[in-house]
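Look at the two complexes coming up: chain A is in both, with chain B in one and chain C in the other.
Moving on, here comes the complex of A and B:
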């Protein structure tokens, strides 16, 4: 193991020196600040609440991408972890600890339940490859769905959980009621700052941490080994890596991020719906990731934003929004096989190559 | 690579063009203030017939109101969302309507599942929710909220209204239930059982099936072998149509007395002769009230003239909800939710039915309940919607849940 570690060290170093860390994080922060403002422009017809939802669900897509993009394993069952995070957080406030006015506790419980489930399911499914892997994840996700559906006494079955009252965020000195609006400030064509709630700020910070975490992860030795497994699993095994353990870890990390997304969604909506656990939700995560671009940090978020925007804004204007969504999905697969962000990045690289050639 | 580039550019350009075409020109704020109402109802899914008919009724009411000068001089504009009969979509829609479109009132819906979820959000966002087609007790019982009003009859009222008919016509033998497995189905079946079991009826089985079930053969097979005296189908919309039509294929409509606790015109149309002799309840029946009440006749005629079909009972509730909101805003002289709520609570009025009122402690509308019996298509006189004869009309007051038995506690804010 030590030999392979030292062999990988130089690669990791060259990568981190190639592009500086500080500009990346500054641009990320800038993007997260500007997103809800640009999104509110009349041409996009978005609104602060949708920007918040996109970031929350985007965390799940980023999580799925750890498995799909970086480890190369297609899961059609990540709704299970999203839903468990959601129900875990909701039930914490409604049934497990109804007196606890804690903001962190429901998130911790939701993520913990999702992580444990991801470990249990991941340990079993990583033995399989390709289509069998995908099918088994579907099977386990359906099991979770039916358990939650049938366990009416605890989960309310088909009715889901309602009336989850979001506690305020206690940071010791200050308390934030996240549903409060930001101060009024006229930003001209970008509308008014008060149309955005404090929730967005909180979720943007969480998203920033998630991006930093995943970026560090894929640039670490661990990420390099995952890439090696993705490219050639058999050879990675022969070199001496314990492929199964690496894959389980990727599965658990992606499951935990989906759980985090679900827990935040439960607190944001004040409800948990059984639809979160359906195969549709799993399929959505895959579509978000593929449309945005697998193996890219921002692809899944862009894909989530585009599709959720279509669902939310276009569906209010035309009944044919599912057709538009389908056409976009097909167009991306045909014209941009690397997804939106993946294709942009590729183009930049090819320009650079063109310049160097001359 | 060049070809790839041009493709990419082409796609980007067409996506931008598409976005422009769909959005149209950026909306400029109208000079006169308007009242935005959010219509959150199913346009797809098992309960979509009911949602589409509600949308017709809302459009009719809003057209009429705008022609008459709007509400306090402000025109009414509707923003519409398809809730797909799913709670999470319904909540997303309501949030979009309130946050982006500035909706001051949310209304519509065909399921107690979506109604309870939207009610929770509207309470959180301090926006009035005039629930429409929701019949489960929960909406104005355990999950009642200050900002939610529900005029439609509920399961408790239906079961009490049918009590005499149930014992007289269906008897106290063996009962077999097929129940939609969500809050509404449970509420209705529990209420029927609580009425009929003390009289001596026996529950053989209660099969719970997921909302959106299309194949009922397993449950109906069980019903067939159990040979019950009564088969109670607590299903709604297309689910009920599928269930009853499949029950007929099993020969159950001939061998067993069938009860459908809640039905409407679209369900009766979809089941045709299979609905013959089936007893159901409804809060409104266009034929009955149009013959009895001038205001009902005016509404039914206007609706039929505009759309070519008479209104279903959910459409009537939608229409009256819109006018109830208008009236309350005008009495309050403001769209402030607290002021509007104060003007709705305890308000007595006569719309398309008899005298009715909004109960102040649970925000349930107290209006009459019809007990009806289906007639064969041949006796409908060419109108497939004219599906029943009215057996009894009950005063809502006598059948509604008394405060002592209710779990409802309205919030103070």
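Moving on, here comes the complex of A and C:
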């Protein structure tokens, strides 16, 4: 194994990227701290709540990118895992363990259900390629959608789940009510810190961990083999890698991250809607990821942020919003096939190089 | 559950199945010829339906049946020359994304122009009656629709299998490069097939709208089951699309009768089983699995 790994990636490159770890994480943390502040500037017209939603949904896009970007498999069915995480978390608080008052439990249950579903579905779909893979993911996602839709006793069907009261986050010594605002602190043009809820801090920390996880994953031996499979699946199989297991793992990881995103969304919104499971949601994850740039760490987050922010700004003014979204999407596919982040030239400015980091 | 209700459901399934057949044949010949996975095919159906709506109100249903497919065919040629040709032979992922984006643009344009509410158009008087079929009264229009689709499908088959132009098409499905080397105009044939497949969807869009109401999402609602049809039958296979369409139509209709709760999910279960047991589809060729 080690011989083939070094053949896939020159040792020198490994060394130079490793040395970039600390600056990378510092910049990432800085970006996550600054994002809601800059976002609050009058020209951006954003607000703390939107910043939080973008990060939550961004986790799903980062998850989809593990499969689409790094494993090279297009799924039109990841709404299933997002929705299962959402309903799993919501039902934990409403029906499974109504007396638990735990913040972690609904997230664990939601992610667990999504992960199990991703394993079951992933084990079947990885046998197929390209268009067949995409269509089989659609088929399974539609199955999940109709099961949740029909199972009225448990899921309320198309009414969705309402009134999920989010427990406070208990860290032993301190408890956080995440819907509380940060302490008042006037930052001049950046607005007031108290316009941001504690939710943002929590989600930003989760996002930081997700970024670190995916970065480590992609740079690990596993990630290198995945890239080899993406470039030439047959050859990777001949070398001796169990291609199917690598692809199932990628599918499960991406499904689990979508489940995490859904679970957080359920707790944040206090509700779960059946729309989360539709093919539109799957399509949105694909749009976010492709617009931002597949195979880049920050592309999916930038894509999610850009589209969700534009939606927020534009849909208030015109109902042509989704048309504009479609035009942006097609324009990116035709003119920027690598997405926004993927198209930034590395040499022009170093911050772009940082964003392009794999 | 009487025998009559079974016959009724069976007929309903046949009509729905034939509609799927016509849409799926377009998808499958486009895939066979252009190697293009067309997520915008539902949009062709929707454009046909709305053009039909406008023309039917102004000039009558007969003109709508002409105008719908014609407008859609022209739109398809424009689309092909302006954008799609740059994506021929690219990886299927890029094609899926592109046509998916085009489908969104079309759907939203229709929504802005015609509103999001469902609409339906009425039939001319002479089509409104009912006929006695197998001992029960069945709407005459549905029977005409079924016969019409069978006729159109037969024409398409004759075109592909019996004409010189169809020969280029069939050869192009096998080996594009060889057709070019032999002097066949593969690009023209590709555009023609794309327009033909699109026109079929547009025609069905007009013809099916008196039965199924129209809204901007209609196209998408027909697209996904049509993909199920094509996958079950075998992507690129003409008779596979026919068989798959009837199977999917009957499956939905009979399940609606027996166990309505599973009516929508059953076709996806069927598709998943077929893909896992026989990935090339019932009548497909194994060489295309890796497409």
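By definition in this document, the second predicted complex is superposed on the first by the 326 of 358 C-alpha atoms of A that agree within 3 Å, B and C clash if a C-alpha of one lies under 4 Å from a C-alpha of the other, contacts with A are read in each partner's own complex, and residues count from 1 in each chain.
Here, a residue touches a chain if its C-beta (ideal position, glycine included) is under 8 Å from a C-beta of that chain, and two chains touch if they have at least 3 such contacts.
Since the structure is predicted, the reported quantities are computational estimates derived from the model, not experimental observations.
Superposition of the two structures on chain A shows chain C fitting alongside chain B with no clash.
In the overlay built on the shared chain, the residue A:319 is in contact with chain B and with chain C. Contacts of A:286 after superposition on the shared chain: chain C is touched, whereas chain B is not. In the superposition on chain A, no contact is made by A:185 with either chain B or chain C. Of the two partner chains placed by the overlay, neither chain B nor chain C lies in contact with A:173. By the document's definition of touching, neither partner reaches A:22: not chain B, not chain C. Of all C-alpha pairs spanning chain B and chain C in the superposed arrangement, the closest lie 5 Å apart.
Applying the stated touch rule to the two superposed structures, the overlap between the chain B and chain C interfaces on chain A comprises residues 319. Chain B meets chain A in the complex at residues 1, 5, 7-8, 10-11, 15, 18-20, 22-23, 26-27, 43, 79-82, 86-89, 91-92, 95-96, 99-100, 113, 116-117, 119-121, 124, 143, 181-183, 210-211. Here chain C touches chain A in the complex through residues 37, 83, 86, 91-94, 96-98, 100-102, 104-105, 107-109, 111-112, 220, 224, 227-228, 231, 235, 261-262, 264-265, 268-269, 271-272, 275-276, 279, 289-291, going by the rule given at the top. Taken in their complex, chain A has these residues touching chain C: 72, 74, 76, 124, 127-132, 134-136, 138-140, 142-143, 146-147, 150, 279, 283, 286-287, 290, 319-320, 322-323, 325-327, 329-330, 333-334, 337. In the complex of the two chains, the chain A residues touching chain B come out as 42-50, 53, 149, 156-160, 162-163, 179, 195, 269-271, 273-276, 312, 314-319, 324, 328, 331, 335-336, 343, 347, 350.
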